[in-house]
Each structure stands twice: as structure tokens, then as C-alpha cells.
């Protein structure tokens, strides 16, 4: 069903239209290309012509340390059973990427969602700026790494106050320090390893 | 002063006076018209019931009158509708282009009607018919469309021509223009020929299938206060001619054994039933409230034809009762729509909604009218339909019965549409300023409401009068009726009891309602939207394509029908254009001259 | 000596009202209609409760189509902001007396989503709740038990959430506005 | 043109799940429509970034309620790909059993869901009664009825309990014997055929345009486009099963395929029970701390065939103890959002609920 | 007269109690069909009284007035209904057409009230209800025409007596085609699946009832129970030879309602145009054929 030739063929197709910065084979059914932002459209059309007719997934990753968004397009070919990830970096500030709905009409809502959650603009997509999942959102796009949901939650939603506290409060108690330790660790786990 | 001649002259005179008064001030002119009409109605009502009118002729040469129960039945209904409608004039006249002549034509047409039903001379009958047609033809284009008038004229012309030929055929055979003698005198093939000609005239006038095309055009586009007259009164002229043909001429032809009915009558009944079905289907589709009611008139015209062609005492009585009930119901409904149209400026159902919160009394008037129109107890329409059903079942006319029942159930559908789309539903913000109709317009509304209920609860007087007509014109046995009951072939209908029991039922329901906890009043917009927020009431008002799934089922067929009639209408329009070329210049003087010429010609023919 | 003869004591209006209310309570607790509103994942345990496995209809309960007809507003699980707006709207549309049953841990204290930016933490800040059923997700038995608890509360006149909502209306409204901003949203989807 | 606006959901008996279809209607024909998602938005992808890899196992089943196990499978196999982890043989087979039971349960629920829009509640009651038996089996295996958290990174949480095979066989036999009854009540029922035959079409062009997968796709293109076949995971390449297809996709043929797939799943489970080797069921995912193990850097897209189509997790690790980014590709995303916008218009409001139902739209996986 | 009216009210009350209990029992029977216990047999009473005890909402006077008019019309119709040959409030006046048309008052009141609530679902439901009525009434009325023509009376007691005196010759046997049409029309009248189009919770959220709650909904439930009573009794009297005593009436009534209910519960619902097409195809044709056979040829078994 699937063979090395197939992967070679895809490689050729992609390399013909785009400058591949990195190639990666994840497993038997999956390969990944990292390419330039400007080559994405050509690559996608070429792959679509070659049989990768289905856009399985489109989203973004926020690399806050390098101040980049990485866009990911996952394509699939049902006849040859090979998933292809196309990845491209774009700037984080004033992020913008031309829409691919002319190639894959199904990308419309993926792009709207990416706009909503990351703030990436997709010129060419008629409705990308409309709100989709969020309603009357009043903060930065929530999937950016600098957005802290628990702060937002604390600010907006009242928490339940328990009148009786069953936790151990006696400072004489030996286990108290242990509990403190555990609480600290739990806090660090909750916040995703980041310092609060 | 109960002389028909004087009444006619009085009407003509007041017509002229009202012209000048209206010219001076439309309100005063209209008030004058109300009083003139009222005078005529009162004198007719005071003397006519017992045939006490004076029929002697002294001032008008060549004219002669006689009074019959049948004629009076029609006259009193029509004069009543005229009176009721005249109350609307003060509020509508200012909008019309030729408002000065409106009252003039209105009163002249009433004169024509009185003449037509009291004359005993065929040519006079024709003359008065023409008078009605011509006056109303100039009234109709005051509304929205001149085309409507042309179409109305074209079809009326067809009817008139048929009538005229019929009259001459009778004259040729009998040698006299006397109506009673003329109708009695013909037989054999001639009578079949005359029957056909008269039926064409009747169908055209009644607006039944296949000559119905003018009906929605004229009714829909006529001035708002004139539509009740057209539908409630004028189309009944056709019923009158139909009675002459079906009952009086009644040609001997082949008889269908199974239902024991002459073929001619059966064909007319079949045409009537087609009319019922088409009228119902078209009314269900229609978006304009007035056109919808016009199609309903077409369907009711079918009922009347079926009733008269069943040749059965109950059916005959039912048909006459239906004429009364439908006149009242249709006038009530049209008047309610007119009141709405006055307040909002439209009769299109898709532009209206929630009028009930502004015009509750108008709503009630419409409600009672449509209950009668749909033949639901305790209103007049139920009794008449019940009588017609008896005859249909008795004859075993199965195919006719399908149409009759279809029309009867279908009428629930179409009468409910204006109710839902126009009166009920969401209240539109553009009609926030609208107020209930003024008192003068509510007076006739209340009277008609009362009469609609009266005809449905106490049938005795009406049935008695109808029995007089039966005795006068036919050999059928009279219908047995007590104060509240009517008895027919398959049992007795106790209209009063139904009304009483209905009252008891409502009382019980009301007690249950009032005993329970009081409801919380909420806004119309605070409604179930599957938990979504809607802020525009237009989005929550269901009025466009109300019966869409049903309409889709006969869309193709109705297109086909429409094409055929478009072609026909084209032809008719050409006739109308000729007429327009001849008569309808912008100068009203020229038109009047033509009318005079024709009248002179006619009188010449009479003199011959 | 007291007479043993039965003498009817005339009841005051308040007393008769109370008697009627008790009779009404009997009917109400034996015919609880749920509103079909799947606000969250706990709704998945409702079909077994409604259908053949546990047959809620034995208790006289059943699903109803619209809030006007229903007695119980069933909050099945977490509430995102968007749902909460609609839930409040629905709650206000219901006929009185109305009861709220909240399933799952999320309406109690946020549950697994306690620190999420999209899910509220405590439902009774926004509308009064009569019965909480804890668990993630609660078993069907627990759900049924919750309903039986509600019946018990109605019997003992403790299911007074709807009265509380009237009494503390401004407090509830203030909470709704701090968390949600506008409750009746006006946006492009609703114009 | 005056339009009326009607809503299917969120609080509407015709809508399963918390989403809202806004429909602009003329008469009874839908002229424009769109889905308003987000009523079930929980910030899932953000939540997952803030939890340890192992903690996430408790979170992920909640993405999709009717069929939670596919989430566990997609997440676990994705993490295993990143970790380059080989899991024990027996775990593969147990996973397949769990997944197929989940598929049957979801199919029964969807097929019984036909009872809602068409009004045949008896069908719904019967389907839910059978589904409840599956939930009981799940409870015996995993301890929970709905959210099992059973498929974990490195295998499955524990071995099957003793004697469960007997329960499974009993259930499968009874279900298999009743499939005929299901067909008679549902897709072979004369009154229901009128509703579902030749309506709610899904032509092949539309499939490709929207990117519909799963039954919708297979019913239109007439090819066995099933990830279990074309890119087998677990041990699907070692069992024999057919993928039912058709070349004419109306509501009826899609439901027909659903029932046929139930039959295939029954076969698969039987084969699994037969071929399953003995042995351990779980390996430790990584060395180091019991919980805070790390996963090597990398991007992986991990997909499984759910009852509604291709269900995928896009997972990124930066080498830390937490996932750096997890994106969820809901199986009903294409037809649910773009499909409703483009292809629901033109149908009638009678069909809207059925449209949403037979296209297999599951709102929680759209919102996340 | 007063006595007659009281008898009529008694019949209406009896009809309500009868149908409500039988409805409850039927819910239990259907529950068994669906593999469950079902509710208590008196559950429907509890539901109705509960609804009456709740505090609902009102959308203006027409919303309330429509409900009162609807319930009033239905109670009035029920008061005319004979139970057996002897138990009838108004002898001679139990005309068949009263039932058809006075029932329509109830329908009209409910339709008015539902539309008056300003909800589009309600209007759609009303539209569907009226369209369904257009569909089932015509074949039914044709069969009724045949029956009236054959039995020579339109009074229900007379029709019952006709069937009983002619050697218990029920019209469902004498006019088999007509009987079939009668059953189908009855299902349409009762709004049973597959003709349940106007309630259709999954499509139009329970149609006309969408905005009702509290006492208004309670009254609509009473209305529904009484109208089911009227329709089923009409069928019993027209086709099953009526009843000579009350027990026979109960047995016939229960059988008819249960059978119809069981048929309904294994069917899905049609779309509204399918309902119309259905009734205007076979039932109408059969009704006409039956009428031809019975009236023109005189072939009555």
C-alpha cells in the first residue's frame, strides 16, 4: 500500500515548488515538511493535484520564545495513505497569512478559528474576522502562550468558598511542611511549569 | 314614498347632489351619501318584506316594475351592504383621484341594482345591468389599477353579450320581453340555448370557474370600501341570473339516472365544484388579503351554483341562505381588511403583523366573518352549508361532494391565513402608532357582527322568507323551521342549541381559567427561540408562503393554469383596449356622451 | 369539658392558600418535566435515565420541548459563558414554580475545568440551584437519586430556588453581569 | 425578500448536543443557515497545555462525549509515537475491543437518534437499552460507564477482568440477533423510508470540497476509505473485516452503512477475543519520575477512525513535562460548520434535524 | 333543558375521565412495547392538575381567549356526543356535521391562541395542523356521506340504531373499504404517527404548544383528551355499530384507541406534504369507490 517510493515522490513534488527547510519522517504513514511562508500555497496546490485532496487539519502553534507562530497544514491522501504535515513560520506580531480557501474550501472555519484563538489574520477569507466560538471576548486571544486562563477565571468567575476547611492547619503537626511542599508542587503543575 | 320609481329618481337625484357636495367637501358629501343610502334601505325594508312597494310608473316612460320575493331577497341584501359600506366613505374618499364622482357612481350603481331586481322587462333588466357595470367600472380604477377595471369590463361584457343574445332569442320565440312570460314561454332546444347563454352571463358575473379571472383583479385592486360591495353584493347578480336559468328555464335534457338529475344541472354543479376547488387552492396561495378573499368569493360562488343546480328544496333554500350568509361574511371580512388598510396602507400579508393589539374590534369583526365563511357554528355559514350538504348527500353526488367537502375544509386554511399573518403574530415596530378604526367605521362593523351571529342562531325568519321564495318560484316543499331549528332530509339542526351549548362550554372553560393562578404577562418578543436571542420581530413572524408545503404540490398545475389565463387575459385586454379607445379618454365628458349614446340606442331598441 | 362535636374552623385566606399549595406540591412532585437542554457532557447519562434502562417515566418524569412547558431546568455539566447566557434566558422563560437540578462537579465548583477561562465555576452565583448531583460524570443511579431528592425537597417545601431568585434578583443580576458582561447579547449573529 | 429566522438548538429537541443552527427560512425552505458553535467551549487546548502528559489522560475523554475512547486512543498513540514507545501486544488487542465497543455504542446512539427526528421513539428506546448494556460492560472493565480513562500512554490501565469474555459474547450474540429488528424499525420501516430515502444527499464532489470523512465519505465515493484499512493502527491489519460502502449517499444509505458497521464491529470483537495473546498490558512510558516524565521534542498528527470519521490529535512537544500544544481535529468539523453553511440551505425545515443527525455532527468536538 | 345540559356536561366530564385513564393505561402498554415499565395509570391526571397549578405566562388577551374558546368549543362538542343509543344529551340533535364543524371551533381557537403567541414554530405547527386536517377530512367525509346515505340519517344515535337493528351489521364490515379509510382518517384526526406532523418535537419543537405552560397548557391537555374522546367515539359510533350499553362502549373504545396507539408507536412521522399526498391517493380513491359501490350499486354487505 505504502512505500518508500511514495515518500520520495512527495519529496520531489514539494522540493520542486518550495524550499524545504526541514524534512522529517514521523512514521510509516506520516511525513513533515518545514517550508517558507510564501511557498505554502504552491505546495498545497501541487500536493492537491498529486492526490492529497483532503485537508485534515489546520492550526497554529505559538512559539513565544522566538516570537513566531508556526502554521500547520495536515493533508491526507486516501488512496496512498500518507499524511503530510506542511509547517511554516510566520511573525508573531501582526501575524498574517493569506487564506488557502481557494485551494481547500474546507479551510474556511479552521482559519476563522485560528484567527480567534491566536489572532492571526487571513486575508482572502471573507469572514475570518467574525467571532465564531467565543462570544463578546474581552481579552487577548486565548491560545496564545501569554494568556493565563486561571488569572482570567479568578478575575471573572466567583469561586466557591467552603465554610469548613478540612485541611490540616495545625503548624505543630509534622505533616504540615510536607503538605505545604505538596501544595507548592501542585501549584507549579497547575500553571504548566511556568512561574506565576 | 315607497314607490320604486321615486326611489330610483331619488337615488339619481341624490347622486347628482352628492357629486356637488363631495366637490365642496368630501366628508359632507359622504355623510349625505350615507343618509341617502339609509333612506333607500329603510324604505325598502319598511315596505318590501310584505310586497307593499308601489310599482306604478308615472314619471319614467317605457319602464315597468313588479315585485317578487326573489328580487326583494337580493335587493335587501345588496342595499344593506351598500348602506354598511357607505359608512366607510368619509375616511377613504380623500385618497382617490376622482373622489368627486365616487359618491355619484356609488349611488347610481345602487339605483341600477334596485331597477334590475324590480323590473319585469328583459331589456330593462339588461339596461340596468349595463348601468351597474358601467358605474362600477369607473369605481374600480379609483383604487390601484386601471387594468383591473379593463379586465372586469371585458368579462362583464362577455356576460352582457350572452345575456343580450339570450334575451333576443327569447324575444324571437315568445315575442315578448316580459320576464316571467318569456322564461315560461320557451322550451326544447331554444330553452337549452337560452340556458347556456344565461349561464355564461351568470358564471361571468358570479366570477366562477372558468370565467373567474377578473374576480381577484377587480376585488384586489378596487378601492378598499368598494371591495365589500363587489364581493358581498354585486357578484350576487350572477346568482340571480343563475336562478333564472337553473330553476326557471330548467331545460329538459338527458337525465343522469344514478343521481336523478338533469345533465345540464349536473354540468353546472360540476363547474361549481371546479370553482370551489380552484378558488380554494388559489386562495391558499394568495398573499394579498383582499385577493385571498376574492378567491374565496369564487369558491363560494361555486357553492351557490352547486346548491341551485341540485334541484332540491333544501339545496335551494341553502343556496339562498348562503347568498345571505356569504354577503354578510364577505362584507365583514373585506371591511375589516379595509380598516386595516386604512391604518397601515397595505393589504399584503407579508408586510403586516400583530394588528390585533392595535385594532381588537376590527379583529373580532374579521374573526366572526371568517367563522361564518368557513361554515363553523354558530354562524350563518354553517346553516347554509349544512343544507347544501343534505342535498348533496341526498342526491349522492359523490364527485361534487369531494369538491364541496374540500372547499369546506380548505376554507379553514385560507381564512386563517390573514388571521395569523395580519392580525396575530409579532407586533411590528413600524405600526406602533396605529390606532383602532374610528367610531363611524365601527358602527357597520358591529351591525354586521351581530347579523352574522343572528343568521347562525335564529334561522326562523330567514327560512320563512326563503319559503316564500320557494313557493313563488318552484314546486319544492318548503323547509320546516322553528325558531331555532331547521329540519332537512337527514335530521334536524338546532342552531340555537348549538350556540347555547357553545356558550355553556365557553363558560365552563372560563371558570377553569379564572379559578387558576393568574398568568404572568410577558412581551411578545419574549418567546421560545430555542434559547437564542432575537431582537428583530420581523424575523419571528411567519407570514410569507404560509402553506408552502401544500402550495408546492400544485405549483406546477397552477402555473399551467396561469399561462392559459394569461393568454386569455391578453385577448380580453385587447377587447378592453378597444373599449378604452372608444370610451375611456381622459375627458370624462366624452365618456358620458358615449354612455348617453348607448342608452339612447338601447332605448331605441326597446322602442322597436 | 370540651365538646366532641365537629365544628368546622373557618380557615384564613393564607391557610387555605397553604393547603392548596400543599395539594399542588403533591401533583408537582409526581409530575416533573425536564427541559431537554443538553448543556454539557453529563447529558449523555440522561438517555439511559429516560429510556428503557432506568425508565424515568415511572416517577412521572419526562422530557419536554420548551422552557414554558418544563418544570426542571437540568444543567447537565459545565457551563461555558455562551451557554450560561442562554441558560439564564431559558430559566427566566420557565413557568413557576421552577426547579434547577445541576449534574456533575462542574456547576458546583468548576470541576476539572476550575481554572478554565471559558467555564464558570459556581452556578448558584447566577441562578438558584435546588439539587446538585456530584460526580464526573454522575452515574445514572445518582442522577435518578438527585431527582428523588428534589421530590423530597418539594414535599418538605425546601425547593424554593425560584422564590430566592425573585427575592435576590438584583444580586443574581449583578453576578451575571460581572461574569458575562451583557446577558442578552447583541451581535451580528443575533441581529 | 422577507425571511423568518428559526433555530435548531441549543435548546431544541431536534438538536443532540449544545449547538445552534441558525436558519433563515422562506416558507419552509431554508435559504441561509450557519452553525453557531462555542456553547461547549471549555478552552480544551489551553487546558491540555497546562497539564502533565499523564494528567491529560483524565482530561481528554471529555472532548467527545458519545465516544470518549477514541480521544484516549488518539492521544495515547500520538504520545507513543513521540516517545517511540512499543506497547505490549495484548494491550493492542484490548484497545481494539474497547474501541469497537465504543463504535457500536456510538452507532447505536446515532441510529437510535433517528427515532427523534422521525418520531419513532420505540427505535430510540430499544437502541438505548442495548447501548446501556455496553456501558455496563465498560463499567466492568474500566470501572466507569462513560469516561473510562482506560487507554493510557504505554498500553491500557489494567487487564480485562476475569470472565468478561462471557459477558461480551452474550451481548454480541443478542445484539447480532436483533440487528434485523433494528432494520425493520428504522431504515426498512415504510413510514421512515419516506423520510430518509432520496433526501439529505451528500454527493462525492461535496465530500471532497468539505473534507468530510467517515461514513459520509464512504457512502458517497464507494471506496473503503477507512483509516483502519488504509493506515491501520493497533492490530487492525491482523483482523478480517469489511468496510461497507455505497455510491449513493442519501440518509438511508448512510444509516444502512451504520448498521452494517455494527455487524463488522461485532465480528472484529469476536476475532479479538479469539486471537488475543496473554501477557502484560502496560509498559512504563519513560524513565524518571513516576509522573513528571518528559516526552522528546517533535510534532505528530495522530489519527483514529471514529464512528463519525477521521479523528485526529495534532501534538507538539518541546521536550518538557507538558504538551506544548495539542490541537484536536473533530471528525464532524467539516460537515458541521462549512457543511451547514453551504449545503443545509435548500433543504426543508422538516429535514434540518435529520440532516444534522445523519451527517453525524457532534458539537463538543467542534467546540472543544 | 337544564337536565339535558347537565347530562351533556356529565358526558363531557366522563369523556375526559375516560380518555385520561385510557391514555394513561396506553402509556403503560406502550411502555411495555418499549421494554420499560411506563408511568402509573393515573399519571395523565397528575400531569394535568400539575399544569393547572403552575403559574404560566400570557402573551396578551388573544392568547388566553383562544384557549378558552378552544376548550369551550371542545366541551360543547363533547356534550352532543352520545355514549350509547340511550345515553345522549340531546336526542335528534346529535348531528354528524356538528361534530365535524364544532370541533373546528376548538381547532380555530387553539390556532388563534398559538399564532397569537407570536412564535413562528407555533404558526408552523398550526399551518401543519390545518393542512393535515385538509388531508384527512375529505376521505373521512366521503365515507360519512356513504354511511349517512345508507343509514338514511345523520344523527349518530340513529346511525347506531341502524347498525344494531340490522343484525349487528357494523359498517366496518358492511363497508370494508370505507372502514379502512375510517381507520386511517382516525389516525390522522388523533394526530398519531405517521400523521403526527403538527406536533413533531424534533422539527418544530412541539408545534402549536410551543409557548404554552401552566394553566393554558393544562387546558390544552384537557382539550386534547376530550377531543380524542370525541374522535374515537365518533369512530365507534360510525363504524363499530355504536353501543347498546356502556360496557360495550368502553370495550370498543379501549380496543380502538389501543390498536391505533400501537400502530402509531412503530412508525415514524411523514412530512406534511407526504401526509397530504398519502390521503389524496389511496384513502380518497377507496372512499370514492366505496361510495360508488354503496350508493349507486347498492352493494352493502
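Each chain gets a letter, A, B, C, D and E, in the order it is written, and its residues are counted from 1.
We adopt the following convention: a contact is a pair of C-beta atoms (placed from the backbone, for glycine too) under 8 Å apart; a residue touches a chain by one contact, two chains touch by 3 or more.
The model shown is predicted, which means the values in this text are computed figures rather than measured ones.
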item	value
Shortest contact path, chain A to chain C, counted in steps	1
Most widely separated chain from chain B, with each centre as the mean of CA atoms	A
Nearest-to-centre chain - CA centroid comparison	E
Far-end chain from chain E, centres as C-alpha averages	A
Chain pair with the higher count of C-beta pairs in contact (C-E, B-D)	C-E
Distance from chain E to chain B - Cα centre to Cα centre, in angstrom	35
Between chain B and chain C, centroid-to-centroid distance (C-alpha), Å	57
Chain D and chain E, separation of their C-alpha mean positions in angstrom	44
Shared interface positions of chain C, touching two or more other chains	37, 51-52, 65-68, 82, 85-86, 90, 93, 96, 115-119, 185
Where chain D touches two or more other chains at once, by residue number	4-5, 10-13, 22, 28, 36, 38, 41, 43, 46-47, 50, 125-126, 129, 348, 367
Where chain B touches two or more other chains, by residue	520, 528, 530-532, 534, 540-542, 546, 549
Interchain contacts (touch definition) - all pairs	A-C, A-D, B-C, B-D, B-E, C-D, C-E, D-E
Chain C partner contacts - residues on chain D that touch it in the complex	10-13, 16-18, 22, 34, 36, 38-43, 46-47, 50, 58-59, 62, 65-66, 109, 124-126, 128-129, 131-132, 135, 145-147, 364, 367
Complex contact set, residues of chain E against chain B	5, 8-9, 12, 52-62, 64, 67-77, 79-80, 90, 92-93, 95, 97-98, 101-102, 104-105, 107-108, 111-112, 115-121, 123-124, 126-127, 130-131, 133-134, 137-138, 141-142, 145, 148-149, 152-155, 158, 205, 210-211, 214-216, 218-219, 222, 271-273, 276-277, 284, 288, 291-292, 295-296
Contact set on chain E toward chain C in their complex	27, 31, 34-40, 43, 46-47, 49-50, 53-57, 201, 205-206, 209-214, 217
Residue ranges of chain B touching chain D (in the complex, touch as defined)	350-351, 529-532, 534, 538-546, 548-549, 551
Residues of chain D that touch chain B when the two form their complex	1-5, 7-12, 15, 20, 22, 26-29, 36, 348
